[in-house]
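Beneath this line is the structure, given in structure tokens, with notes to follow.
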């Protein structure tokens, strides 16, 4: 796996699609202190009422934190694993794409903590869910 | 939608498969104070290293809490929605089926709170993740 | 209890000290979308190593969310109660005052969700802990 | 600091009162897989309506997890620190003593995860709050 300096969204998406077939959570932006990701909505993620399901929102929140970890480390690190994540669902999530932004709270030697906000389409002022979580880093 | 009294896992699985195409989280047991669910693992849920992904574990935790809500209400209630859920990942999740058990902490008029434990195959003494969360009930 | 329009930190502190003897978490700023609170550190809140304890940090996080609820409602509402709160401890908390800022994620009819960041003294760029939580509002 | 084998509640309470003045959260039972703690309620912890405050409940939940860590390690370890803790408040907490029981979810080399249930007086079937959290262990 190659690594640009600094790492880019393109590098991350290429690495994810090599590593992991089900990568529908695209990285859009990444830096050492934030990441943005997007998932196009398809029928398989829709709960009754045409809402994006909680698990699909969790998946995007988890992915955008992973991309933030890559931004912190300046490399794609598949063995960075979620330790814990809490999510609060605030509004019905309806639309054609769901977006998530992760902001860094703390990058330590053994873990990275971030806060995530999710929204639909252009409505970035209407948070549909919010999350916080921790990724454990592999030992160097 | 019909409702047995008391509600059974069979009733729940039939209702879920009518409501929602992607229902791969089967209800195995349900009562007013607990529920058990199981997901057979396929490739699309596997992260690098052949682990069940965090989002797939979250999905099962979320589903088993939903089934617990159905047990509490004694009916399938599609409009019961997750308010918040926190999950902690404890061990690598490898195997052919992932199981989850939800136990009731509190059934109120407007919400249900439960604790969830997940494990792989027969290893019910090796928790792979643990969660707690709240479902909001629709107004009666 | 009187209520200014809009509510101020002074109003909140006066109401809290009438209501509740142990009010050591001062409101410093409040608006419909944020609140800031501060606690002067005394020995009783110090764990071994002279760190501000986790529970003291939780107390301030809980208080600043309460003040945010007052800002949302534009009144002091003692019967607004915490439903759930998660907190992550990021760095040792040493200093003479601990600060917290709550930002609104969602103000609904029955609940308010916010994100909280805590820091010591002037070091507002070194988050010592971060929290998210929900307050339940009394029925109108 | 001396250490019995296996560690007892008496050992823990003696060590806590030496280490930390504000120790009002007594250890009642401890083993490698559970701990029980109790706090007598005084006025300083009461919110309007004579309820035990959320922060006092958090404090006890945090303490009982600490005691569980001591049971896991078979020693009092003041440098074991809370990484994260989430708590859900389920019912009004009224009475003369608040109790908490922590059960072990996972004891790892670097962290311990547990689930906590709190109740008042003899009403151990009416959970007033429930929590889950992680303690980080110092490097050996």
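Going in written order, the chains are labelled A, B, C and D, and every chain counts its residues from 1.
Quick note on the criterion: contacts are C-beta pairs under 8 Å (C-beta built on N, C-alpha and C of every residue); 3 or more make two chains touch, one makes a residue touch a chain.
None of the values given here were measured: they were computed from a predicted structure.
Between the chain pairs A-D and B-D, more C-beta pairs are in contact across B-D. At the far end from chain A, in terms of centres built from Cα atoms, lies D.
Note: centroid distance chain A to chain D, computed from Cα atoms, is 34 Å. Rounded to whole angstrom, the centroid-to-centroid distance between chain A and chain B, based on C-alpha atoms, equals 23 Å. Once the centre of each chain is set as its mean CA position, chain B and chain D turn out to be 28 Å apart.
Shown for chain A are the residues that touch two or more other chains, namely 83-84, 86, 88, 134.
Within the complex formed with chain A, the residues of chain C that make contact are 86, 88, 90-91, 105-106, 108, 113, 115, 117, 127, 130-132, 134. On the chain A side of its complex with chain D, the touching residues are 83-84, 86, 110, 134. By the touch rule above, chain A contacts chain B in their complex via residues 19-22, 43-45, 47-49, 54-55, 58-59, 62, 78-79, 81-89.
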